[in-house]
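One structure, pasted below without further comment.
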């Protein structure tokens, strides 16, 4: 049996579906966060010496950094689908994902800065990863700024989608330029990280929290997309008939 | 098709020469920014030599970006852009012609003036050649990428400064490799070639993709 | 030859018109009427392909205009609320560039003749920026005398023109229709157009 | 008179908030320019600390100048400026209100963000206070001087870049004393006061003279 | 009360008119006529003090207008080819700011009433940028219903308006004249103004 994907691309169908999924994602996010933090804080103390306690910030820092990058890919994916198939829902999804992505970017910068202050003795340096993260923040802000600067929603959607696509073409180039501007020397404050070097308890907490952030992103993006749907479709019959609208 | 390219190119250059100042202002802006730095930073030649390549490239970025705003805005305001969208030729051609004119008027002068800057910042002779070459390869990329931003922000209030927000992050690779090439030429001649090669690759990519992205952006913005 | 089926246009959340159907043959003029804000400009821009309608199709000689693109654009001439001329160039230069871009070479003599015809004798060599409102309009309208497009789409071409010029422009349009051309027109002024087949489209909400 | 001032000020702030981005873009431009430098110049903290004050001031100059273009241009294009010239109050008041709004939207945010830049360039804590103070005194001067340039170039093609040409040289004293104050605070606390005092004097002069000069320029440009 | 003596205006090297003399009393309307480019706009702007004439004087109640400045500006209302409204603000906000700047506080109720009067009911809260050409014009013209200025200087106020709106605006102007106001008007459309004393000024070169 073939699934009619375009059926779910209609806001009217997607709205209730998203509504039903939000609680699941929200609860998963809460449970996993609690578990991850518990594990990170109470099951790992033995391996961290006293001056290394701040290392625990890794449980927020690294998942946030991962999510920030992944969400940009998601954003661009929706943008491409929107431009190709001209489905309104994809634009709405893109617009709904952006603030969460920006938030994680900021979170990773913020936690990284604190970590840096304690670990490297400086709030900020021009380490490649840090620089890339900063630029990612600019890209998110650019997307949101363009979207909010245009108040014809159709134009706003399409223009900012195009920007996201241009961004995603250039993002690898930008990151690659920052990481290795000179083929001979790739000095960085971040060590060449690999999972092997990380203690398994820490790794577990980190991974659990990554999944928790992921679930959180789903829940928040769905909530936001539902709001966007309500606002944009407020003049349609089906929105007027919704119980939460007509009361 | 070539006829269209030629007409648009000639038109934009004619428009610029009508106001003679236009041709020179990007250049002057560049020069002024470059000259402001020693005033703010101090005039020790060691420091200047150190920051010279970076300053030149940042100034080039800003000059190119500043001029970008006008790329489509005035055509948009008086309705001629609408007419260009109705030209019976691919819009990408028109865009490419406009960007070419823009580069000839704002990018090329920077390339030609480069040696003068070399003097201001005490850069050695060989470096100046590299700088010109790097600017020659890099500034068209700036114009091409910038055009996309200019098209997207068309007719928006605060367009000028919104463009910078969208476009400056995308300029970063050019900045890094451009100033990298110049810095490298002061230390190690061999690495220069790799830098220039990468800049060339950027240019090729930009020429192929940017006009079409810009055209798409224009269609969205004019609607 | 121009056929519009079931056209619906929306701006913001206002539906301007829906389910619009009409067709226009050679030698016919369509007169689009309606109050301010009823969607005349929007309709005209949709016909040009500058505005994407919410739904419905526009066919030119049986083909969708989005598909024809270049070929369709060669057949139409759009004249909107903006004049579409550069203030820094003279009328002559503006016209020359305009016709080159439309794909035909017009000699300077023809251009000067067209401008004289539009009552701009003596003003041909001024940058259009310094012309008066009505003179700018005339300079822009001189395109109509040089074009070879079949379908003219004119959005309030008479505004800002003085009476002499209005009459003159009417003749030009009537001429085009008489020679088998087509035109779509909006105007709020009472204008008498007699030649050819004149159709009316009332667009009121 | 005060009523007119209030109305124009409220109007311009309302206009800016209508497009929420407008308020933030000058700020982001500033941040991006500041962040570009290390990419071009290199990331050694010694060099960065050395050029930090200069970079901050040059970026502030550019951000303020870029935003200036919009000060009168959009009012000119839609005819509201003409209407303002016909307001039955001295034109200087209207101008002063517009410049104040401009500074609140573009200058003040720079002052507030300054500490963040201090971090990026590894500036010591005391310096950051001085930098904020210097920016607080200097940025209004930039807005006031810039307004004259914006009024003079109104409606000219390439206005944006022409403004920079007229205005940047006039900005130089602010640049020199502003970055001087910051640099001095890193070495010799006593000299700082003198620098700030001079900046304050500039501000006073600018407040007194610039609105009238701008008003005169506007009358000429609109005719 | 408005008196013009020996006025000469030049643009570039063209002398548009010279030695113009006329005066206008309360309750009178002056109808400035002439072809495109004969200098109507220039004359109107000179009367506002926006354009400096080559020679000649303009007196308001016996005083030179340059000398009066603020006091004179309080008495006039100018409406030009541009609408003079901000696209980013709604019609209501535009009107509110406009009247505040002219020096009187108008209640929101009056503003909404004026807009409804101009046929913009339902559009009051949209940014004027999205309005149609004619609707923008209407929003700008709503000022006429709120102003307390004595001398109205209207440059082609009827352009872009549909017929209903044109009629309506005629009434508004006639009303102003009937109440002892003054108006100077240009238009290319045939417009019947009957109340009060209508004077004509032919400006042809």
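For clarity, chains are labelled A, B, C, D and E in written order, and residue numbers in each chain start from 1.
In this text, contacts are C-beta pairs under 8 Å (C-beta built on N, C-alpha and C of every residue); 3 or more make two chains touch, one makes a residue touch a chain.
Please read these numbers as outputs of a predicted model, since none were measured by experiment.
Asker: Using C-alpha centroids, which chain lies at the maximum separation from chain C?
Answerer: A
Asker: Farthest from chain B in C-alpha centre terms, which chain would that be?
Answerer: That would be chain E.
Asker: As a quick test, compute the distance in whole Å between the mean CA positions of chain B and chain C.
Answerer: Distance between chain centres, rounded to whole Å: 37 Å.
Asker: At what distance in angstrom does the C-alpha mean of chain D lie from that of chain B?
Answerer: 25
Asker: How many angstrom lie between the centres of chain C and chain D, each centre taken as the mean Cα position?
Answerer: 45
Asker: Do you know which chain E residues sit against two or more other chains?
Answerer: Chain E, residues with two or more chain partners: 81, 88, 127, 130.
Asker: Residues of chain B touching 2+ other chains?
Answerer: Chain B, residues with two or more chain partners: 15, 18-19, 156-158, 162, 165, 168-169, 172, 176, 223.
Asker: At least two partner chains per residue is the criterion; list those residues in chain A.
Answerer: Residues 138, 141, 145-146, 149, 152, 154, 178 of chain A each touch two or more of the other chains.
Asker: Using the touch definition from the top, list the residues of chain A that touch chain B in their complex.
Answerer: Contact set of chain A toward chain B: 135, 138-139, 141-142, 145-146, 149-150, 154-155, 158-159, 162-163, 165-167, 169-170, 173-174, 177-178, 181-184.
Asker: Would you pull the chain A residues touching chain D in the complex into a rising list?
Answerer: Those residues of chain A that touch chain D are 113, 122-126, 131, 134, 138, 141, 145-146, 148-149, 178.
Asker: Using the touch rule from the top, collect the residues of chain D that touch chain B in their complex.
Answerer: 15, 18-19, 21-22, 25-26, 28-29, 32-33, 36-37, 39-42, 47, 50-51, 53-55, 57-58, 61-63, 66-67, 69-70, 74, 77, 156-158, 160-162, 164-165, 168-169, 172, 175-176, 179, 183
Asker: Along chain C, where are the residues that touch chain B in the complex?
Answerer: Residues of chain C touching chain B: 48-52, 70-71, 73-74, 76, 78, 80-89, 93, 97-98, 100-103, 127.
Asker: For the complex, which residues does chain B have touching chain A?
Answerer: 148, 152-153, 156-158, 162, 165-166, 168-170, 172-173, 176-177, 180, 184, 191, 194, 202, 209, 213, 216-217, 220-221, 223
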